[in-house]
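Two complexes follow with subunit A in common, the first pairing it with subunit B and the second with subunit C.
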Partner chain A sequence: RISSHGEPAKFQPPPKPVIIDKRKQREERRFLSPEFIPPRGRTDPFKFYIERKDMIQRRKVFNIPEFYVGSVLAVTTADPCANDKVSRFVGICIQRGGKGLGATFVLRNVIEDQGVEICYELYNPRIQAIEVLKLEKRLDDNLMYLRDALPEYSTFDVNMKPVTHLDHEEIPVNKLQVRMKPKPWSKRWERPKYNIKGIKFELPEKKMKEAQKWSQPWLEFDMLREYDTSKIEEKIWKEVSEELKK
Partner chain B sequence: MMPIWTKSGKKHAVTLLKVQDCHVLRYISKEESGGKTSKLLVGGKNASPFSKSESAMEIFKEAGVPRKQKVTTFNVTDDAIIKPGTPLYAAHFRPGQFVDVTAKTIGKGFQGVMKRWGFKGQPASHGQTKTHRRPGAISTNKAAKVYRGKKMPGRMGNIYRTSFGLKVWRINTKHDIIYVNGSVPGHTNCLVKVKDSKLPTYKDCNKNPPFPTFFADGDEKLPEDLYDEEIFQFTDPSVTYA
Partner chain C sequence: FALAPQGLLRTSVSHSFLSFASITGACRAIQKLTRVRVVDNSALGNTPYHRPPKCIHVYNKTGVGKVGDKILLAIKGEKKKALIVGHKMPGPPMTPRFDSNNVVLIEDNGNPIGTRIKTPIPYILRRREGEFSKVLAIARNFV
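Let's look at the complex of A and B:
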């Protein structure tokens, strides 16, 4: 090789290979489904313990996979009115609500130009299978604004192939900015109360500034609204993972 | 309150009631009480003995039981008398039987006529002067008086009310919990009285109740959870329609 200097170049050793210990990375990620975390209130924690026992029982028999708002799921339920007595629906999860056994998730899809949203209960015994076709997160916790977005953002192929996701990798965050249909929308999504980061607002500057009038900057400093769930989450995660391993 | 699913896939809402340290306190015979049947005094949740007078504590001392927060009477036939001092458990009830639940409703304070009695009030606009939630007329001209019991504003709630005919879906014998269908009067963690239903449709419902009650030190060993026949138990595979 001809080096730029006249003298021969110094010997550069090859770069050392970086060893990623996959076992350690896998242990770091713990996922506790949000319906296990008890809401703030005056109910006896014993009631949540009893409910958790039932939820763990159901999880032992039926696998409820890890998923987030923004991942694409396929749910097969037993339906007495369908031909095969089984109905399958594919959609993007736009909302996860409820705590305990009544936890629900809403799947949205556009089928033949008609937007369809179905609210499923996680612990309903009629559900035969839940498959995660694409595991990913989005910028918001609540994708209800997809109702006012262009339909292309809510359409998903019913016969989509599941996208493989390796165990040790982190969940990808899809930083998609969605384009909206012209106003009027079902809710005023530009207002700071919804705190939406996933919309590409094409409104004039004046409207965006006017929307900031409804901001409540004192809310994040309100101490009575604080609910620190880290310790509760750890306790419950230990309990749940021990029970599920049995 | 929790959801519960049946084997056909229907969902029902269920209230959890915990039987916390219930003991029989005293037996009052028919002649003593003056009623048609003899009575049994039963006490509920344990409480501190220091804030009551000695005379009130006599009943608890006789039975040999710590002071209870709530004491209620149950009308009992002569063959169902229980010795004072015996503990009562949730296994006294069986899944599939029907039950009446009595409790003090949530107190709402002084309330107006629209919330308390469900009056319609007056329209919000079209010329109404200072009259939107008022009762309007309270009597007729000919009566020349207001009848007793006229529905008017006043204190609402904090009174005893009963919900009748509630089905018992499940009983947890280890923690003494009764799963009762539907809602129950009272706030969360309030004290509640549970009786066998008095409705005539459920008179012959309970086939083999534990009579006079379920004794923990007896021969019967019950499993931890007792379920009704129609309940979907979470140990079973998912529901399918054939």
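Let's look at the complex of A and C:
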């Protein structure tokens, strides 16, 4: 085949077929979004049931993809003040908070040397599309320390192409250790209460030892703080997956 | 004097028993004596001086300035009015929060002094297009 340049087109070999071995019994990867799990408290479970019904209703109309803290997302929202009435923001998810319909996630990006964070509500009707450009996990659940890290770790290209992720593969964990700006930081991230694994601390040994003074080793054994969600998750997963299949 | 705390205490708790509760301290937006960052390309905003530009008055009923409020700035020994285009304090959801308190220098009649604004500006300012049309005209990126 001759392309428009007049030179013969480069030979593109046919794409290799992806062989999914169905003989091995693979456990289906179940992902239950964290906002479905009710917080521990004395509220009536009926309230959470009604909220879940509303959340499932919204998910039937609008697809909320699976993502984790550390994945790069692109969100398009309807905005009356924007040029084309839609505004698009690309960023890394640094935090997922809230339960039920008020669930939020914060996206961070550095545009023109200015760090910008936007807290989006997952179930807000103004959101028109959420695309996962890169699905991955990080070593921590909360990446707020990116505010004090060098800006290169928070910059993501606005026009980056989505990285394909095959369904049956496990979600990759990015074991990146981030380098920080010189102290002072917004929070003392070296302290054990934050339990951060994703920072490459370049502090002297003395400071690291001093930070361990604030460790509370008894917290790990405190039985009143335990909240075992495995059974609740099972029930809710069954309920949600059945409703969504309808 | 004590200003009522306006900051939001945001807690996010994970499910492991080694929970990480992140609480941002109560932070106000721009008020008197806050150091700000001038983001346009005006000479007054970009020439280095041994003191950073500071807010000395907020033209508001409360003394706290948010995005779209006018303030009085002390830069290089002179007083200049400015418009707030972004602050570090988290605002309502779906609005951007910047890593620095950004400000655009303005004349008394609302004309901007600089000719270009490279840093992103929130879309919310478009709502008051009447007052800020000239500032929005020189802005390049919107968030």
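The definition used in the following text is that the second predicted complex is superposed on the first by the 220 of 246 C-alpha atoms of A that agree within 3 Å, B and C clash if a C-alpha of one lies under 4 Å from a C-alpha of the other, contacts with A are read in each partner's own complex, and residues count from 1 in each chain.
What we mean here is this: a residue touches a chain if its C-beta (ideal position, glycine included) is under 8 Å from a C-beta of that chain, and two chains touch if they have at least 3 such contacts.
Just so we're clear, the structure is a prediction, and the values are computed from it rather than from any experiment.
When both complexes are overlaid on subunit A, subunit B and subunit C end up sitting side by side without clashing. Look at A:Lys137: by the touch rule set out above, it reaches neither subunit B nor subunit C.
Within the superposed three-chain model, A:Asp79 lies in touch with subunit B and with subunit C [touch as defined at top].
Judged by the touch definition given at the top, the superposed model places A:Asn124 against both subunit B and subunit C. Ranking subunit B and subunit C by residues of subunit A touched puts C first. Using the contact criterion defined above for the overlaid structures, shared-chain residue A:Arg88 touches neither subunit B nor subunit C, since it reaches no partner. By the touch criterion defined above, A:Tyr227 reaches subunit C but does not reach subunit B.
In the overlay built on the shared chain, the residue A:His165 is in contact with neither subunit B nor subunit C. By the document's definition of touching, neither partner reaches A:Arg191: not subunit B, not subunit C.
In the superposition on chain A, contact of A:Gly100 is made with subunit B only, not with subunit C. Taken over all C-alpha pairs, subunit B and subunit C come no nearer than 10 Å in the superposed arrangement. Put simply, subunit A uses residues 79, 121, 124, 126 to touch subunit B in one complex and subunit C in the other. For subunit A in complex with subunit C, the residues that touch the partner chain are 34, 37, 39, 77, 79, 81-83, 87, 89, 95-97, 104, 111-121, 124, 126, 140-142, 144, 147, 187, 193-195, 219-220, 222, 225-227, 229. Residue ranges of subunit B in contact with subunit A, taken from their complex: 2-3, 5, 9, 11, 16, 18, 172, 175, 177, 188-189, 232, 234-242. If you check the complex, the residues on subunit C that touch subunit A are 10-15, 17-20, 22, 39, 86, 90, 93-100, 102, 118-120, 123-127, 141-143. Within the complex formed with subunit B, the residues of subunit A that make contact are 41-44, 46-47, 50-51, 54, 57-58, 61-62, 78-80, 85, 100-102, 121, 123-128.
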